[in-house]
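Some structures are shown below for you to check.
Here come two complexes built around chain A, the first alongside chain B, the second alongside chain C.
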Partner chain A sequence: MKGYRKYFGKKILWLVITFIAALLLNFTLPRMMPGDPVAAMTAKQAQGLSEASAVKAIYDNYAREFGTNKPITQQFFTYVVNLMHGDMGTSFSQYPRKVSNIIGNAIGWTLALQFPAIIIGWLIGNLLGALAAYIRKGFDKVLMPITLFLSSIPAFGMAVMLLVVFAINLKVAPISGGYGFDMLPNFSWNFVVSVIQHYQLPFWSIVLVSIGGQAVGMRSMSIYELNADYVKYARFLGIKDRRVVGYVFRNAMLPQVTGLALSIGTMVGGALVAEIIFSYPGLGTTIYQGITMADYPLISGTTLIITVMVLIATFVLDIIYGFIDPRVKAAQFD
Partner chain B sequence: MKHTRKILSLLLALMLACSLTIVSAGAETVELPRNETLYFAGQQWGSINGWNPLSDDMNNAMGITQDAGGARTIMYETLYMYNMLDGSLTPLIADGDFVWNDAHTEITVKIKPAAKWSDGTPITAQDVAYTFETNVKLGNAKGNGYKPYVESVTAVDDSTVLIKAMLTDAGVAVNPLQLVCFLEECYVVQKAWIQTLEARCSNDTTAMKNDAAEDVVWSGPYTKYFANDQKVVLIRDDNYWGQDASMWGSLPVPKYIAHVIYADNAAGQSALKAGEVDVCQEFIANVQDLWLKDGLPISTYLNEAPYGICVNMPTAWFNLDIPVLQNASVRKAIAMAVDYDAINQNAMTGQSPTFADVPRSCMNPTAGEQATFDHDAVKDLQWVGNDIEGAKALLEAAGIVDSDGDGWREFNGEKITLNSCCPNGWTDWMAAMEIVAAAGKSIGIEITTEFPEWSVYQTIVTATTQTDYDIFMMWTDSATPAQPWGRIRMMMSSEFIGVEGNWSGNWGHYSNARIDEIIKAIPTTTDATELKNLYTEAVQIYLTDVPSFSLMYRPNKFHAVNESVWTNFPDSTDGRNIPPTDCTDGYGIAALYALELVNP
Partner chain C sequence: MKNTLKQVFHSPKFLVGFCIFTSILLMMIIYPLVNPGNPLEMIGLGTFAEPGTYVSLYDSVGTKTSTLKLDGADVKRIDQVLSGEDRVNMLNWFTADSIDISGLDITDTDTLLAMWKANFDPSIRLQGMTKAMRNYYIRLNDNINAAASADILTVSEIDASTGETVEKAEINKTDYVNVGDVANVKTLPLGTDNFGRDTLKELVSACGTSIRIGLIAGTVATFIGLLLGLLGGYLGGFVDDIVMFFTNIFTVIPSFVLLILISYSISQDQRGANTIAIVIGFTSWVWTARSVRSQVISLRNRDHVNLSRLSGHSLMRIILTDILPYIASYVVMAFILQISSGILAEAQLSLLGLGPKTTDVPTLGLMMNWAMLYSAHLNGSWWAYFPVILTIAFISFSLNLMNTGLDQVFNPTLRD
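Presenting the complex of A and B:
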C-alpha cells in the first residue's frame, strides 16, 4: 500500500507540474498569433462608419475592457485569478458572452457525439482486428484491405463522402444541424427521432475511421502475441485454446487501451471535422471559430478543457494499467 | 464481459439522455409549421447575445442591423426605409416626407399618429430624441458615427422631431447627406425602456451596452421567440401598429421568421437546395445552374446575369507607402493589364456587369449613381483591361524597363517584386488576386499572391502605415443616401492617412489636395451642374492617378429565393419597386406583406 501511495503521490506531483506548464502555454501561445482580435471586434462595428475618430473610440473602448493594452504578465495573472473563480474570461468573437457559457452550451453535444463514437469504434475495431488475427484465412484477406482503406481515409474525407452519398444523393439523412431545421428543442417523440436522425452521419463518420485504425493495430499486436513463446508453451501444456486466446488478447490490448484513453482525452479537439462538415453543434466549431478570429480567451478555454481531459485520461490510465497488467503493477511497487 | 456490456449500454443510454436534456432546455413549442415560417440563410453567423438595440455586440443580425444601405426593420424600426433601387426614402415611423429648412441645416420629421410600441403606448418625438442622446452617451457605433454630423435631435412636440446639423465655421451643415442617412439607418428605441435599462444598470454605459434586453419594448412587426446556438426564431406581433391603413394596411404574411445558424456558406446553400431555406443571402457560384441544370424552384431578382443589383465594387488598393507604387504609370499599367472579364467569370461566375457595360468610375452601376458624372469627359481615361501591349507601352514611356534582360522590369535598378493579398478563404477575392498576379507577369512585373488569415489581414490593412501588402483588396461602400460621395471619400480622402485602426477608407494612403477639396465641397453643393462637375472631376482624378482599381461589381445583399413554399418574392419585372434586400432591409421589407403560399 505504501508503494501505491508513493507512486500516486509522484504521479499527482507530475500532473500538477504538467498542468501549470500547460496553463502557461495555453495562455501565451494564442497570444503569439499575429493579428489583433480587438481590431477584428472593432471591424464588425466599424463597417459603414465613415468617421475615423469614431472607429478609434470603439477600438480604445474594447482594448480597455479586455485589458489588451496592459502588459502580458499582468494579463496572465488576471487570467489565473479569474480562472480560480471559475471565470474563463469573456469571448472576443462572441462578446459579451462568457467563455464558460459558450463551452457549457457546446460541450454536451460534443461529448454525446464523440464519447459513444470513440467507444464503439474502439470496440468494433479491436474485435475485428482480433478476429482477423485469430481466424486469418478468408476473413483476414477481406477484412484487412477494408480496414486499411477505412483507416487511410482522412476524417473530413469520410464525413464529406457520407454527406454526399446519404444526405445529398440518397436523401436518407439530414444535411446539417443537431435536429430538424423546423424544430424547437422539446421533450417529444418527434424531437428525439430528429436528434437521432441527425446524429447518424456525424457518428458513423467518426466510427468508421476509427474502426480502421484500431483493427489494423489490434491485428498486428495479436499476431505478435499469438506467436509468442508463452502461447506455444501453454499449448504444449494442453491448456484450452479459449483460455490461451484470453491471455493473448489481454496482452495485445495494452497499447490499444492507451490509444483509447488518449482519444477520449483529445476527443474535444477531434470533434472539429465532423462538427464543421455537418454543421453539428459542439465544441469543434467553437474552437475553429476561436482560432480564425484570434479569440484568445476562447482558445485558452477550450485548450484548457482538452489539457485537463488528457491529464485525467492519462492519470486514470496509469491506475487501470496496474489492474490489467500485473507487470506494470510490479513496476509501480519498485 | 457481461459487466462490461452492461456498463457500456448504460453509458450509451446516459449519453443520449444527457444530450437530449441539454438541447431540451427552454423548450416551448414543438415544430414551426412550414407554411407559416420564412427561413433565411446567410444573415446570422454564430449565436446571438441578446436583443439590445443600443448595443453593438448582440451579434443578432436578424433583430438588429442598422445599415445605411437599408436598416433591418423586422423588430426595431427607423423613421424612413431606404430603397436602393431609386434612392428613395419611404416613411415608416415618420409621417410623410421630411422637410429641410431653407439654410439646409435642419430637418423636421413628423411621427405617424398610428405608430405604437409593443406595449401599446404611442411612439413620440421624445423617443427619437432620447435614443440619439443615449447613443451618443453610450458611445456606440451609431452615437459615435453620427456625433460629427448631428448637433442635436429634439422634440418640438410629441409628434415633431427637429434634427439640427453640426455646422462648420462658415455656418453650413458639415454634411447634409449624413443627416439623410441618419433618418433611415438609426432605430428609434422607447424612452421609457431606455430609462428602465439605465436604472437597472445604474447608468453604467458598459453594463447598458452588454444588457441582453430580454424585457425590451419594440415597434416592428416581429419579436423574439426563440434563440439558441443552432437557430434564432422571431414571431409575428399580431398587435403590430403597422397594420393600420396609414402604413401597410395588413400584417406581414409569415408568422415566423427563422434563421438556422449554419457553419458555413456550403451548409446554407445545401439547405436552400433542399427547400429548407426560402431566402438566401449568400454568394452562390453559377447560381443559374440551380434552375437551369438542377431544375430547382430557385430564382434571383434578375432572371439573367448579373442576377442581382450590384451596388459596390470590391477594389484592389495600391500601397502608396511602397516607393515603386508611388509611380502612377506602374499603377495604371498593372490595372490596365488585369483581365477583368476573367475575374467576372472566375470570381463572380458572371454575376457582375462587365467594365465594358459599366465603365469604371467611383460610382456603382445603378442608374442614379451613373447619372452623377459626365461619362464623355472621362472616356479617354478609361481602360477595358487585358490590355497587355498598352500597359507595356505605358511602362516603357515611363522608363520602367527590363535593363538586365531577365524578363522582369526594374525600378531604381532593382527588380520590381510585389505581392497581391486578400484574406484566406474569401474565395472570390482570392481568384481575383490570382488574376492580378498573372497580369503582373504578363507585363514583366513579378507579383506573388499571399492569403493571410482575416484576423491578421485586417490588423495590417488598417494600421497607420504598413509595408507588408503591396496590392490588397478591400470593399467599398454600397448604395446609401450619402453615395457616391461617401465612396469617393472612402477611395481617396487623405483624412484617413495616419489614423490608427483605420476602417474608414483610403487604405493605400493616397494624398491629393484637390480631391480633398472636392470631397469637402460635394455635400454642401446644391447646384446640380456644379455637383456634376465636381463628381466628374473626382472620377477624372481617380482614373488618372489610379490609387486603387475596382475588380468587379457586387451586390450589397445576395438574394436567392426558393419558391417551393413561398412565392411572389420581388422580381425586376414585377413593377413593384421592392429592392432585393432579402425581404428584411430598408424598403425590401415590403416583400413580407406580399408573400403568397405556393400551396395555400
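Presenting the complex of A and C:
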C-alpha cells in the first residue's frame, strides 16, 4: 500500500495544481483581454441608455463588484477568500440571487444527466467496438461506418434531431425543461415521472453521440491486441477462445479508461450545449443565460464549477486506472 | 513520398473520406459561380419561406396563357383549400347531422365532397352547435363552392390619374402559363432562413467560412503543439518538465471553458471569424503536443539521430531532417482531427452566442444559432437547421474517415 500512497499523492498533487491553475485562468483570462472588461460589460448592459450618469453608475457598480479599482494581486486575494466562503458574487440577471445559489440548483441536473449518459455511452461504445473487432467481416463493415458517422454528428445536432422526431412529430416526449412546467420540484410520484420523461431525450442524445467515438477507439485497440503475440501463444497453447478474448478486452479497455479521462472535458462541453437545446435546467442552460444576459459573475462561476467537475472526474478515473492497470499495481508493490 | 501517397490513396476509407471532402470543397467553389451574389442578402420579407420554386404572381398575369383541360383540376384546387382540420370538422358535421359515415375516408376528397354537397344545408340548425361553429361551416361551404365554381377571376389595376379601376386581365380556370415564360421565377432549394436569406447560398458560404476556421484553428494548434512537443521531447530535462507541466494542466482544464472565457472577453465587434479561429487554435494544441512529444522521445536515441548529433549538425537540422519526417504522418493525422474539432468548436461557441459577429460572414454555427433562436425546430422549418447539421456531420465524417484511413496505412497492425 505504500506504493499506492505515492501514486495517489502524485495524483492529488496534480489535482491541486490544476485546480490552482483553473482558478488563475478563470480569474485572469477575462482581465487579461485588451481593453477594459468593466467598460465592455457596461456597454453591454447600458445598450439603449443615453443618460451618462446612469452609465457611470453601472460602471461604478461593476468596478466595485469586481474590485477592479484595486491592484490585481489584492483582487485575486479577495476572489479566493470569497470563494472559500462559497461566495461567487451576485447574479446581475437574476438579482439579488447569489451565483452560488443558482449554480447549486443547476448542478444536480447536470450531474444526474451527464455522468450516467457519458458512462453508458462509453460502455455501449466499447462493447460495440469490441464486437466489431472480434467478429470483423460484415458486422464490422456495416457497423463501423455507421458508428463513425454517428460520432461525427455534433451533440447539439443529435439533440435537435431527437427533439424534432420524438417530441414534435411523434409526441412521445416533452419538448423542453427538466420537469413539467406546471409543477414545483417535490418528491411526489407525478413529479418523478415527469422528471424521467424529460430526462430521456437529453440522455439519449448524449449517449448516441458518445457511442461512436468510443466504439472506433475500442475497435482499433482490440484489433491491435488480437494481433499481439501473447494471443497467438495462448491460442497455440489451446486456451479457450472465450478466455483469450477476455484477456484481450481487458487489455484493450485500459487505454479506453485513459481515453475517457482525457476526453471527458470535450464530452462535457458538447453535452452542455445539448442541454441548451432542451432548455434542461442544468449548468449548460445556466451559462447560456449568463451569456445572453451579459451576466458576468454567473458565467465566471459556472465555468469554474464545470472545470472543477471535470477535474474531479479525471481524478477519479486516474484513481480507478491505478487499481485496474496491473502495471501500476505491480509498480506499487516493488 | 510518392510511394506513401500511392499507399494512402489505396486505402478505401481514406479515398471515401477524401471524395466526400473534395466534393464539399467543389460545391463551395462551383455554387457561387452558378448563383453569384451576397449570401447575406435578405431576399425575402418574413421568416422561413419553404423550399421550392417561387413564381411571380404579378408577372404571370400578363404572360401568354394556354388552355389546358385537365381532369381533377377542381378536386386538386379543393384539396388545397381543405386543411386536415377542415376535413375532421366536416366529419363532425355529418356525425352531428346523424348521417351514416361508415367507410368514409376523409383523405379521399372526391367522396367527401360528394357527400358534403348531398347533405350540407346552411339552413339546418344542429343541436348544440355554437353560432361561431355554424358560421365556420357556412364559410367552409362557400370556400368549397368558390373553388369548384366556373367563375372567371378578374385582375384589375387602379388608374393613377383618374382613380378608376381598369380591368387588366381575365383568368379562366383552365388558363395555364409556362413557367419558362414568366419573367421572374426563383428556385430556393432550401427556402429562406429567419432573415429571409437564401438558405442554400448562405449554407455554401457558411461551409466555406467554417472550413476556413477549421484550417486556421488546425494550423495554429498544430504549430503550437508541434513546437512544444519537439522542444519537450527532444531537449528533455527542464524544458520538457515545463512543457509537460502546461500540457498536463491544459489536458484536464476543458478547452470549452477556456473558449467561453476568452470569447466572452473579446467584445462582439472585434470577434471576426479569424479571431475566433485563432482562439480555438490556442485552446486545442494539447493533443498534438502530447503525441508529438512521445513520438520524439522514442526517436531521440535512434542511431541515425545520434549519428547526426555526433556529426555536429545543428539542432534545427536534426529536427528538420532526422525527426520531422518520422513524425510527419502523426502530425498530418492530428491536423486533420484539429480541423474537424475546430469546426465543431466554432459551432458550439456560436450556439452559446459567443461566435463570430453575425453581420460579417455566415458560419455553420451562426446559422444553427439563428435557426434555434427563431425556433425553426419547433415550427417545422427543417430546412433552416437540418442541412446545417448534415453539413457539419459530413465534413467531420469525411475528415474522420481520412484520419482512420491514414491510421491504417501507417499502423500496419490496424489493417483489415
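Some notes on this structure:
We take it that the second predicted complex is superposed on the first by the 248 of 334 C-alpha atoms of A that agree within 3 Å, B and C clash if a C-alpha of one lies under 4 Å from a C-alpha of the other, contacts with A are read in each partner's own complex, and residues count from 1 in each chain.
The criterion applied here is as follows: contacts are C-beta pairs under 8 Å (C-beta built on N, C-alpha and C of every residue); 3 or more make two chains touch, one makes a residue touch a chain.
What you are looking at is a predicted structure, and each value in this text was computed from that prediction instead of being measured.
Once the two complexes are laid over each other on the shared chain, residue contacts for A:164 go to chain C alone; chain B is not touched.
Of the two partner chains placed by the overlay, neither chain B nor chain C lies in contact with A:236.
Applying the stated contact rule after C-alpha superposition, one finds that A:323 touches neither chain B nor chain C. Once the two complexes are laid over each other on the shared chain, residue contacts for A:227 go to chain C alone; chain B is not touched.
By the touch criterion defined above, A:175 lies against chain B and chain C together after alignment on the C-alpha atoms of chain A. When the two structures are aligned on the shared chain, A:26 is found in touch with chain C, with no touch to chain B. When the two complexes are overlaid on their common chain A, residue A:266 makes contact with chain C while staying clear of chain B.
When the two complexes are overlaid on their common chain A, residue A:195 makes contact with chain B while staying clear of chain C. Of the two partner chains placed around the shared chain by superposition, chain B and chain C are both touched by A:276.
Overlaid on A, the two complexes show chain B and chain C touching the same residues of chain A, namely 33, 35, 37, 40, 43, 168, 175, 276-277, 292.
The touching residues of chain A, counted against chain C in their complex, run 14, 17-18, 21-22, 25-26, 29-30, 32-33, 35, 37, 40, 43, 136, 140, 148-149, 151-154, 156-157, 160-161, 163-164, 168, 175, 216, 220, 223-224, 227, 262, 265-266, 268-270, 272-273, 276-277, 287-288, 291-292, 296, 299-300, 303, 306-307, 310-311, 314.
Across the interface of their complex, chain A is touched by residues 8, 11-12, 15-16, 18-20, 22-32, 34, 37, 39, 46-47, 49, 56-57, 59, 67-69, 139-141, 144-145, 147-148, 178, 206, 209-210, 226, 228-231, 233, 258, 260, 262-264, 267, 270-271, 274, 276, 452-459, 462, 477, 482, 486, 489-490, 495-496, 499-505 of chain B. Against chain A, the residues of chain C that register as touching in their complex are 248-249, 251-258, 260-262, 264-267, 340-341, 344, 347-348, 351-354, 368, 372, 377-378, 380, 382, 385-386, 389, 392-394, 396-397, 400-401, 404, 407, 411, 413-414, 416. Against chain B, the residues of chain A that register as touching in their complex are 33-37, 39-40, 42-59, 61, 65, 93-97, 105-106, 108-109, 111-113, 115-116, 119, 123, 167-168, 175-188, 190-192, 195, 275-277, 279, 281, 285, 289, 292-294.
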